[in-house]
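Please find the structures below.
In the two complexes that follow, chain A is the common piece, with chain B as its partner first and chain C second.
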Partner chain A sequence: MHDILKMIARRLGFGLGTLLAVSIIIAGAVELLPGDLAQEILGQSATEENLAQFRKELGLDKPVYERYLTWLGGMVQGDFGKSLANQREISELMGVRLKNTLYLAAIAAVISVPLSLFLGILAALYRNGIYDRTVNVTTLSSISFPEFFVAYILIFVLSVHLDLLPSISNISEDLDAGERLRRAVLPALTLTLVVVAHMMRMTRAAIINLLASPYIEMARLKGLKPGRIITKHALPNALAPIINVVVLNLAYLIVGVVVVEVVFVYPGLGQLLVDSVSKRDIPVVQACCLVFAMTFILLNLLADVLSILSNPRLLHPR
Partner chain B sequence: MSTDSTTAEAGGDRKGEVILQMRGLRIEGRADEEWHEIVHGVDVVLRRGEVLGLIGESGAGKSTIGLAAMGFSRDGCRISGGTVMFDGVDLTKASDEELRRYHGSRIAYVAQSAAASFNPAHKLIDQYCEAPTQHGIQPRREAEAEAIDLYRRLQLPDPENIGFRYPHQVSGGQLQRAMTAMAMACRPDLIVFDEPTTALDVTTQIEVLSAIKGIVEQFDTAAIYITHDLAVVSQMADRIMVLRYGNLVEEGYTRQMIQDPQKDYTRDLLAVRSFRKPPINEENPEIPLVKVDNVTAAYGKLVVLKGVSMEIHKKRTVAVVGESGSGKSTTARVITGLLPPLEGEIQYDGQTLPRDYRKRNKDELRRLQMIYQMADTAINPRQRVADIIGRPLEFYLGLRGDEKEQRVRDLLEMIELDPDQFYARLPGELSGGQKQRVCIARALAAEPEMIICDEVTSALDQLVAEEILKLLQRLQDELGLAYMFITHDIATVRAIADEIYVMLQGEVVENGPKQDVLSPPHHEYTELLLSSVPEMDPDWLEGLLERRAAGTAPSLPGSGN
Partner chain C sequence: MSKIQELEYLAKQGRISRREFMERAAAAGITAGMATTLMAGTALAAPKKGGKWRFGTSHGSTTDSLDPGQFANGGINQIGYSLRNHLTEVDYSGKLVPELAESWSASDDAAQWTFTLRKGVEFHNGKTMTTEDVIASINHHRGETKSAAKPILAAVKELKADGPDKVVFTLEGGNADFPFIVSDYHVAIMPAKSDGTVDWQSGVGTGPYTVESFEPGVRYKGKRNPNYWKSGYGNFDEVEIITIADVAARTNALTTGEIDTMDRVDLKTVHLLKRRKNIKIEEVTGTLHYTMPMHMDVAPFDNHDVRMALKLSLNREALLKTILRGHGVLGNDHPISPANRYHAGDLPQRTYDIDKAKFHMKKAGLSNLKVKLSAADAAFAGAVDAAVLYKEHAAPAGIDIEVVREPNDGYWSNVWLKKPWCMVYWGGRPTEDWMFSQAYAKGADWNESHLDHDKFNKLLIQARAELDENKRREMYVEMQSIVRDEGGTVIPAFANYVFASAKNVMHRDSMAGNWDMDGTKASERWWFG
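Presenting the complex of A and B:
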C-alpha cells in the first residue's frame, strides 16, 4: 500500500509539471492570436488614450513573461482573475459551469459505463455471432456520425415527435432535482451514444484476448459455465486496458462536450469556452483550458491507480 | 474424512472395471485453412485405479489425446472419428452441457504450467472450491476444509494458510501440487496429468512426483500421465503407450517395456543420453581462456552472485549446473559484459576485460558468443536464415557479397543443414532443432574462441537434443572451441562436460573435473541434485524416497518447500 501512495505522490508531481507546461502553451497560444485585444474589445471608435488606458489596466503594456508570471502567480493562489466581458470573478463564473458540466458527465457516465461493460461482456460471450455483429455495427455507426447530427436525431425523435424530453437543456440551481435530471437526459444520451462503442469494443477485445490463456482452458476443463468463465476468470484480468479506455472516455465527457453543450444550450464549461472565445474574453479561455488540462491529468492518474489495484501481483507482493 | 474412505473403497470394489475406452480416435488440426489429421486412429483402454503413461516427442499427439479423453479439443482441433467412452457415455457425442457436468467433477485436468493455469486474480483456495461448489457437490465450507486436508496430504507447507495466497506468492513446485489438489477436489474417476513436472527443477520434480503418486494411490484414481521423459513415466505408470506422429508405436506394462522394448523407436528413447564425450587426459594450460575472478553481482539491490570464481580453458566444456535462480545465467551475463559486476573481474587470456560490453572492442566481443535456450525468441522471425547468419559475418569480419554468401553456405554445411534448401528460409519454416542449429551457425559466424550455451537443449525433444549435443561436440573437436554449458539437466552434463561447477544461491558449492564431481564423495547439494535425476528403473522413486526418509540420502532442507 505504501508503494501505491508513493506512486500517487510521484504521479501528482509529474501532473503538476505537465500542468505548468500546459499553462505555458496556453499563454503562448493566446499571444499568437491575431489582432489587438484592446482594439477588439473597445471597438473601432476607441481613442488612443482609451486604448492605452485599457492596456495599462490589463497589464498588456508589460512584456510577455511578466504577464505570464503574474497570471501564474494568481492561479497558484486560486485567483483566476476577472472576466473582461462582465468584470465578474472568473472562479465564480466557472464554478457553476464546472458543476453543470460534471453533472452532465456523471449522468452520461452512469448510463454509458455499465452499459458498455455489459454489452462488451455479452459480445465476448457470444463472439462472432449475430448479437456480436449487431452490437458492433450499431455502436460503430453511432460514433461514425458527428455528435451534433446524433443530437438532432435524438431531438427530432424524442422531443419533437414523441414529446418526451425538452430539446433545450437550460438547467439552473433553482430547478428541482427531477426537472434538472429530465432536462439533462437528452445531452447525456447523445454523449452516451458517442462513447459507448469505444468502451464496449475494448471490453470485448480485452476479454477475447485472454480466452486463449491456459487458465481459461483450465476453467473450461473444471466444467464452469461460459458466463462464469468470462466474468469470473477473464474479466478481472482484463480490467487494466478497460479501465484506461473508460477513463479516457470520462475525460472526453468533461472536456469534449463543447459541441453537445452548444446544441442543447446547456450551461456548461464548453458553452462558456465557446462564448468567451467569440467575445475575446481571454482570461476566461485560459482558465477553462487549464481546468480541462487538470481534468485530463487527474483522470489519467486515476486510471493508473485503478489499473494497479486491479493487479494482484502489485497489490499483494510476495 | 469419511467421504475419502468411501470413495476409495468404492473405487476398490470396482477395481479392474474399464473407466475409459477410446476406439479408433482420430483428431484433426486446422492449418492453412485446411483440416489435417494429427491423430490417426488410436485405441486407449484405462481401468479404474490404473495409471497409463503416454509418452512421445512433441507433435506425437499425446496432449491432444489426453484432452480427447475429456471429450475436449483445443481451438483449431476437432475429434473427427472414433469414440471416447467414459463410464458408458460417449463423450464425443455429448452436448456441451453434459460435458460440463463431467469436467472437473468426474474427469479432471492437471496442466503443464501451473503458474499459467492458475488464474492470477484469485486465491488458490477460491480456485479449488470453484469446481465442488459449482457442480453442487459440496458447500463452500466443506470444500475449504477438504482443500486444507488435501494440501496437507500433498505435503504443502503451512496447509491451513497456503490456500489463501495468490498464485504468484507460491513457488512453482508448490503450485503444481496445489493444482493436483484442485484436480482431486471432486474425487474424480480420472485425472489427466499433462507434463506436470516438465517445467520444474529436478529436486522439485521429485517432490511433485511423489506427491502425485501418493495421492493417486490413496484415492485409487485412474490417471493418464503425459510426458516426454521415459524415466519419469516409468516411476508413475502401470502401463505405457509410446506415441509418434499421432500413431501408437508400442504399448505394454512398464517393467516389461523398460526391460524389453519391442520397437526401434522405443529403444532410441531408452538409449537417449547414452552419448558420452571421451575424457580428456591432458593437463589444463596455466592461463585459462576465461577467468571469472571472485565476482559479485546484483540486480538492483538484490545480490545474485557472491564471490563466484571460474576458469574455462581452451577446447574444454565447462558445465555450470544448478537450479533456477542459482546464478548460472547471471554468471554468463557478467562474462559477456551485459551485467557489469559490483566486485571482481573477468580475464580473457590473462588480460582484464572491460566490465561493460559497451566498452569492449569488436575483437573482444567477437571471441565470446552466446547461444540461448529459446531459439524461437533469439532469432528475428522476419529475417531469412542467410541474413541471420550473414549479419555477424558483415559486422565482425566485414564480409560482403559473394564472399559472404559462400561463408553462409559453408556454415550451413557445418551445422548439417543443406545450404540450397535452407539458405533463403524464414525461421517460421524451421523445426525447433533446426532453429537452434541456425543459432549455433550465427555464433560460429563470428569465429569465436568460446561459446556460452545457456540451456540450449532444454526446450528440445530428447532425441533432437542429443543430435545438437553431438553437433556441438563435433564443432569443438574441429574448431577447438571452449564451451561454457549452462544447464539444470544432469544427463546433459554427463554427456558433454569436461569440468563441472555446481552453483547454489549465487555461489559455487563444488567444482572439478567431471569424473571427480560425479563420483562420491559429493558435496551435500551435489548429491541431492544427482540423486534427484530420474532413472529408468521403475523402483527408483520409491527406493529414493525410502532412503531419504531413513536419512541415508540427502533431501531438501525443510522438505515440502
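Presenting the complex of A and C:
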C-alpha cells in the first residue's frame, strides 16, 4: 500500500509539471493564431482607433510573456481570472459548463461501461458465433460513422418520428431532475454508440487472450461451466487492460464531445473552448485546457492505481 | 387547404393585398360581396398578449457581452432590443419613427439636432429616464472608447441637455439622416451611473423585457416588463433566445416544437421545410448584400476597362439561382437596395455580356487577364462556391480568375481591406448616406474599393445636408450610377432574410428589412395568434 501512495504522490508531482507545460504551450499556440481578441470581437466593424483602445483597456498591448506571468500569478493563488471578452469570472463561467459536461459524461458512462463489459464478456463466451459477429458488426459500424451522423439518425428516429425525446438538450439550472435527465438521454445515447465498440472489443480480446493459458485449461478440465470460467477465472486477470480502455473512454466522454454538444445544443465545456479559441479569449482557453489536461492526468492515474490493485505484480515492472 | 382557405390564410399573413385577395377570390368563383365579407374576417388580428416565445438563433458566442458597443451578431442584437430602447427606431414598415424621443427638429443646415424626450418612461428598476441617461448612453461611444459605434458618432461635436427633457447634438457638418444614426443597435439608452458612465452590466433598460438570466452563447431568458410604455408591443409573457449554431439542429428544434422561431433557414432544404403543416417560411428583402471590392489603385484594377470587363463577365442570375437558391434580388453594382428610400430602380440592370466584356478587354489592350480573387465562407455562406462560379463565367472573356481560398479564421482582419480583390458581405445600412460614407467615401475606414471620385465625394456631402426630398433623391440616384459605372465593386446580389416560425407566431402586415428578424425586433413586435 505504501508503494502505491508513493507512486500517487510522484505522479501528482509530474502532473503539476505537465499542467505548467500545457499552459505554456497553449499561451504560445494562441499567440501564433492570426488576429487577436480585439479584432475577432470587433470583426468587420473594427477601426485602427478602437482596436488600439480595446487592446489598451484589456492589456493586450503588453508582451505575451508579461500577460502569461500575470495569469500564472493569479492561477497559483487559485484565481482563474476574468474572461477578456465579457469580464465575467471564469470560475463562474466554467463552473456551470463543467458540471454539465460531467453530468453528460456520467450518464453516458453509466450506460456504456456496463453495456460494453456485458457485450464483451458474452462475445468472448460465444466467440466466432453469430452473436459475436452481430455485436462486432453493429458496434464497429456505430463507431465508424461520424458522431454527428449518429446523432442525426437518433434525432430523426427518436425525436422527429417517434416523438419520444426532445431534439435539443438545452438543459439549464432551473429544470427539475427528471426533465434534465430526459433531455440528456439523446446525447448520452449518441456518445454510448461512439464509445461502446472500443471497450467491448478490448474486453473480448483481453478475455480471449487468457483463454489459452494453462490455468483456464485446468478449469475447463475440472468441468466448470464456460460462463463461470470467464467471469471467475479469466475476467479478474483481464481487468488491467480493460480498466485502461474504460478510463481512456471516460476521458474522451469529458474532453471530446464538442461535436455532440453542437448538434444537441448542450451547454458544455467543449463549446466554451471552441468559442474562446475563435475569439482568442486566452484566459478562458487556458482554464478549459487545464481542466482537460487535469482530466487526463487524474484519470490515467486512476487507471494505473486500479490496475495495480487488480494485479499487484504491475507495481514491480521487470 | 382549399383555395379559399389558402387565400384567407395568405391575407391574414399579410402576404397578399386586399386587391389581390379580391381578384384571386373572383378567379376562384367567389362573388364580390362574399369576398368582401371574407376579407373583413381576415383583417389582421390585433396583437395579443401571452405565451412564451422561444427563438433559436444561429448567432451568439460565449464571448458576447451586454455592452452594446461590443454587439457584433444578430443574437445579441435581438437581446439588446429586448432590453432597451433607442431615441428613434426603424419601424416594422421601414419608416423612421420616434421611440424614446417624442420628436426631433433640426437647424436649417441640419447640423444641430434637438431631441425631445418622452416623459415618464421608466427603466426596469423604476428609475425615470432623464437627459443624463441619454447623454451618458451616447457618450459611451464617444472619445476614449472601444465601442464599434465610435465611427458613426464621430461627427458629434457637442452633446448637451437643454432643459429637463431636451438633448441637443451639434454636428461637424449637416446630416439630414442623423435621426437614423441614433436608431442603430449600438446606440441604446441605458441608465447612467453617478460617475457619468453608463450601466450596461445589469441589462437594465426601458425595453419590453427584463433579464431573468443571461448565459452568453447559450441562452437569454426575459420576462415582460409590466410597465412597458408602448402598447401593442412586448406581447410575449416570456422570451427565451437560444443559440443553436448548427442549422440542422435548429431545423429539428423547430419541427419538433422545441422552439417557435428560427433564423437563417437552410436554403438547400427550405422547400422541404415548407411542406410541414405547422411551419411557415418568412422572407424579407433587406439591405444585406454581397460585394467583391477591387482596390482601384492596384493594377490591374486601376484600369476602368478591366473593372468593366470583370463586372460584365459575371452571370448574376446564375449566382442568385445557385448560391441563394433564388432567395434574393439581383445586384446592380451599387449598394443601395430596393428596401432603401432612394433606390435607383431605373438604372438598367447590368447583365452577363461576354461580347461587351471582350470589348472592354480589347480597349484595355489585353487579350487575356489573370487575377486573384480571395474567398472564404467567413465572408458569407457559399462565397467560395460563388468565386468558383465567377471563374467559370469569366473564362470565355479571356479572364482567368484564380480563386484563392483563405482561412475563415481572421478573415476580416487579414483578408478584407488587405487583399486587392475579395469576397465581402454587408449587413447594409438604413440610409444611403450611412452606406456611402462608411464604405465608398474618400478616407472612410472601410472604403474597401479605395474609391476616390471627386463628384461622388462632393455629392455625398451636399446630399447629407439637403433637406429637400426630391433634390436628395436626384443626388443619391446619381451617386448610385457613379458607383455602378465607375466604381470598383462588383455587387452581384442582395440576399433575402429567410426565417421560419410556427404558424401561430404572428407579425404585422409587413416586416422591417433593415436587419434580419423584423429589424431584429421580433421579440418586441410579434405575438402568438
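Observations on the structure shown:
Simple rule for what comes next: the second predicted complex is superposed on the first by the 289 of 318 C-alpha atoms of A that agree within 3 Å, B and C clash if a C-alpha of one lies under 4 Å from a C-alpha of the other, contacts with A are read in each partner's own complex, and residues count from 1 in each chain.
In the analysis below, a contact is a pair of C-beta atoms (placed from the backbone, for glycine too) under 8 Å apart; a residue touches a chain by one contact, two chains touch by 3 or more.
On a predicted model such as this, the values are computed, not experimentally measured, just so you know.
Once the two complexes are laid over each other on the shared chain, residue contacts for A:93 go to chain C alone; chain B is not touched.
Of the two partner chains, chain B is the only one that A:222 touches; chain C does not reach it. Shared-chain residue A:214: touches chain B; no touch with chain C. Using the contact criterion defined above for the overlaid structures, shared-chain residue A:41 touches chain C, although it does not reach chain B.
Legend: residue contacts after superposition of the two complexes on their common chain; A:10 is shown touching neither chain B nor chain C. Touched residues of chain A were counted for both chain B and chain C, and C has more of them. In the overlay built on the shared chain, the residue A:316 is in contact with chain B alone; chain C does not reach it. When the shared chain is aligned, no partner comes close enough to touch A:133: not chain B, not chain C. On chain A, the surface touched by chain B in one complex and the surface touched by chain C in the other have no residue in common.
Remark: chain C residues 61-67, 70, 72, 144-148, 150-151, 213, 215-219, 242-246, 248-249, 252-253, 255-256, 258-259, 407, 409-410, 412-414, 416, 424, 445-446 touch chain A in the complex. Within the complex formed with chain A, the chain B residues making contact are 70, 72, 74-75, 99-105, 108-109, 111, 113, 116-122, 130-131, 134-135, 166, 168-169, 182. By the touch rule above, chain A contacts chain C in their complex via residues 33-35, 38-50, 53-54, 57, 83, 85-88, 93, 96, 152, 155, 159-160, 163, 166-168, 170, 172, 262-265, 267, 271-272, 275-276, 278-279, 281, 284. In the complex of the two chains, the chain A residues touching chain B come out as 212-215, 217-225, 228, 232-233, 236-237, 312-313, 316, 318.
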